[in-house]
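Look at the two complexes coming up: chain A is in both, with chain B in one and chain C in the other.
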Partner chain A sequence: MKQLTDKALARLRNGAELPDLSGTRYRLLQQVARGGMGIVYAAEDRDLQRRVALKVLEVPGSQGELASRLMREARVLARLEHPGIVPVHDVGTLADGRVFYTMKFVEGQRLDQYIESSASTSDRLRLFQRICDAVAFAHARGVLHRDLKPANVMVGSFGEVLVMDWGLAKIMTDGLETEVATDAAISHSPANRRNDTLGSLITGHGRVMGTPGYMSPEQARGEVESLDARSDIFSLGELLRSLLGEKPSARLSTRSAARLDRSLDAICAKACAQQREGRYVTVQELVSDISRYLDGLAVEAHRESILEKAGRFYRRYRFFILLIAAYLLMRIILLLLIKH
Partner chain B sequence: MLQDKFAGGDERFPATRWSVIEGARSDNRGERERALETLCKAYWKPVYKYVRLHWSRGPDEAQDLTQGFFAEMLERELLNRFDAGKSRLRTYLRLCVDSFLMNEDKAARRQKRGGEIQHLTLDFTGAEDELGSGIIDAAAIASPESLDEFFEKEWVRSLFALAVEDLRALCTERGRERAFHLLEAYDLEDDDNISYEQLAQQHGIAVTDVTNALAWARREFRKIALERLRQICGSEEEFQRETKAVFGRDAR
Partner chain C sequence: MNKILLGLLLGALLGAIDGGTAWFYPEARAQMAGIIVGSTIKGLIAGVAAGVFARRVNSVPLGILFGLAVGFALAFLVAYMQHDHYLAIILPGSIVGAIVGYATQKYGMTPLTAR
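Presenting the complex of A and B:
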């Protein structure tokens, strides 16, 4: 029998892991990512001569829990036609028995990489608003994302934002609710949970679904049935903190955000309130508060003191205030010169 | 409609329902022995190497203990106690090996009763060659935490080696020996410099033929390896977990 070296093992493993695209119109290009459910490859659609992203399960079979989740993810994406949500093109089963779907190939960087860039606070906030727009749209269509985090947002080369990885999405309305129940029954061993590259925890029936550090307290308690838009709003608040440069460890240990402007900190704090009753009710409310901040107005999340109001007034009308001050100063100097 | 499309996938890939766990729990002794034989084929090498390296036993003693262990599995119906919901089969087996070795004095007696698996040809010389050839890093199991990793790696090595042999037989049966030789040259040999172009020249074929032959061989290898894996898993859930461990990102 052939002795297999570690190199041979790795080659066999890599070779066998590649999806068998025979019988499809796709040609494999390269692996681009690996998630909790499957692997994402760049592939070429030979008919349309365009590059697509092909997500495929690691395990064969179309009847298992993972297969159901991947199919459901594809269907969720199909119903969410929005510029901020990655569009799905095709879904099916490969010749090797693995379920796959193809979607738009997004060129750009993940939000966690974008965070490291030198973008200004206002640019970051505007980008955050675009993320919120996509999530708000999904909520309007009755879909909760349940795994919002920087690793699941792509920032395209032209600044476009795409919310990805809807594998944990919960459909709040219509006939697909039964599938959500199926999803809630998914049970992974601790070992399997540990293995999820992006750190998502997936369970149901009172167990956890989401990513520690980003999921809401009720989500962490496994209250799957009672989750609503405010759970995603909590994740958006944590995502906003990350986007504004707060380190995850700081988020997890203390809530002090000395580096953040008070209004921004208040917005984050309101979005991330431990009790969901204390959070924004809709994503639009959160977006509006961000808009107010960007326009130099008082945000709803924070009651300002007189000093803070004065400071904000000064920041907002700084040009005119300085202009008037310069004019007054000039008049005083002129008066003094005339007197002497 | 979509569901129908997916359903087609399973028709093309019927799942092997028989597994060693079901076989081991059968009332039929023949079934039980067949289950043990399947299990033994996949696990004897990892067990032998584990006994040699972790328990620091000499080749002769490790051979006896390995055979004794599988005999004990059959006699004491250890697989009946395995709960797929609680642990992986390979973790359970490793713990069984530890327990067996800890009661080594009894093991000597048991291995003499291990006639049931004597008909299995266990290539201990080959396993010993692997230990001596530097393929296996003995230092890799220096810490208790790395025991599982070591056992998993050797288990994957054993599973893949069996699958490679099955693939060789399949290629011969279908007259596609060249595909196997290409896979052997490109994936199994330790030559990092070999290219598709060189292989095409060596075999007097086009590069695209090399690509196609390798794609076919890898696809068949995957099918065979998964079939063997399914046989030695206790449940569908375990099979899916182990598939990820063998082919997925956890695989080391």
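Presenting the complex of A and C:
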């Protein structure tokens, strides 16, 4: 009997893994991401003639925990209709019995790649505000993300922001708390073709609990029942630090390596307070403080000294003050000239 | 505050202050009231012009240049009528115009109907 080579075996395995899209309106293009539970493919919607991301279970069957988790993740995304959250288009079961859902195919770069760009601080802060808007919207719909990190945010070619990977989301409505623990964010970016759950902590039964360096202390302690919006606010604070160029290793040290402006540092510190009582209560409060900073106003997270107030006033009205000073100087020079 | 109103108020205020500095010139003290009223009107005209310009053109550098030019023209007119103190009238008058031009661009609000 002839033995198959490893290469041939791998090819056969890949072929067997491919979802059977017969009877659907989708045509398979290529695999873009793979997680612990499912695989994400780029597919073409033949009816609408557009590219979509198709997430499908690795194992056949429309029953069972994995299938219900995937359905639940799709439902979480479906209830979050927001420009900053990847939209779900379709959900169903394939001919081979595997549960799937399709969503927008996102093109662009991940936030961790954007961080390396030369964008200005104000551009980064405005982008951060858009991320916060999406998270605030989810909170208003009773959904916690629980895995906010640069790798889970996509920045589109036109500066649009999409918060991805709601696989760890927790629904908190009607007194019914539901956890969705799945996998993989989806995007076309080559870097996203890596395993997107890389770096996330996975505990028993494939349940993802968060990402070290970004998850809140209470989340790290496994206090799942008591998590609220402030847990995501902690992650947003850490994400903001990353966005402002601080390396994760610097955050672990006692003092930050990157010299952040005091007000920005205070905003990050308040969002990332170890005790959640010390954090912003809502994402909107965090966004408001960022807006105040961008407008040259005092932020709530930092009590300024007189000198700092004067400095901020000067920076805000610098040109106006210089024009007045030029006028006064000219008047004095004219007076002196006339007296002599 | 809308751009024209801001230009009008700031122009009048700075014009009055600019006119008030004539007090430092002993020979002009006898005509203080006339100088202040005239300078206020001059600032007011420059302010309204800068405000109207700011509503049409949304550019800080152009606003400053326009204010400077209007301030210069009005101050030159005043100095020409007096045939004296050209420097003492034109230089501060031009800077007042530039300040009003800057302020109307930077701090004035455009009414929704005008956008």
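Criterion: the second predicted complex is superposed on the first by the 271 of 340 C-alpha atoms of A that agree within 3 Å, B and C clash if a C-alpha of one lies under 4 Å from a C-alpha of the other, contacts with A are read in each partner's own complex, and residues count from 1 in each chain.
Everything below uses one rule, namely that a residue touches a chain if its C-beta (ideal position, glycine included) is under 8 Å from a C-beta of that chain, and two chains touch if they have at least 3 such contacts.
Only a predicted model underlies this, so the values are computations on that prediction, with no experimental measurement involved.
Of the two partner chains, chain B is the only one touched by A:A67; chain C is not. In the superposition on chain A, A:V91 contacts chain B only, with no contact to chain C. After overlaying the two complexes on the shared chain, residue contacts for A:M330 are found with chain C alone; chain B is out of touch.
Residue by residue along chain A, chain B and chain C are tallied for touches, and B comes out ahead.
Across the superposed pair, chain B and chain C touch chain A at no common residue. Residues 319-320, 323-324, 326-327, 330-331, 334-335, 338 of chain A are the ones that touch chain C when the two sit in their complex. Chain A contributes residues 1-9, 11-13, 15-18, 20, 22, 34, 58-64, 66-67, 71, 75, 91-97, 99, 189, 191-192, 195, 197 to its touches with chain B in the complex.
Against chain A, in their complex, chain C makes its touches with residues 21, 24-25, 87-88, 91-92, 95-96, 98-99, 102-103, 106.
On the chain B side of its complex with chain A, the touching residues are 2, 5-10, 12-13, 15, 88, 123, 126, 129-130, 133, 135, 153, 156-157, 160-162, 164-165, 184, 186-190, 192, 214-215, 218-219, 221-223, 225-226, 236-237, 239-241, 243-244, 246-251.
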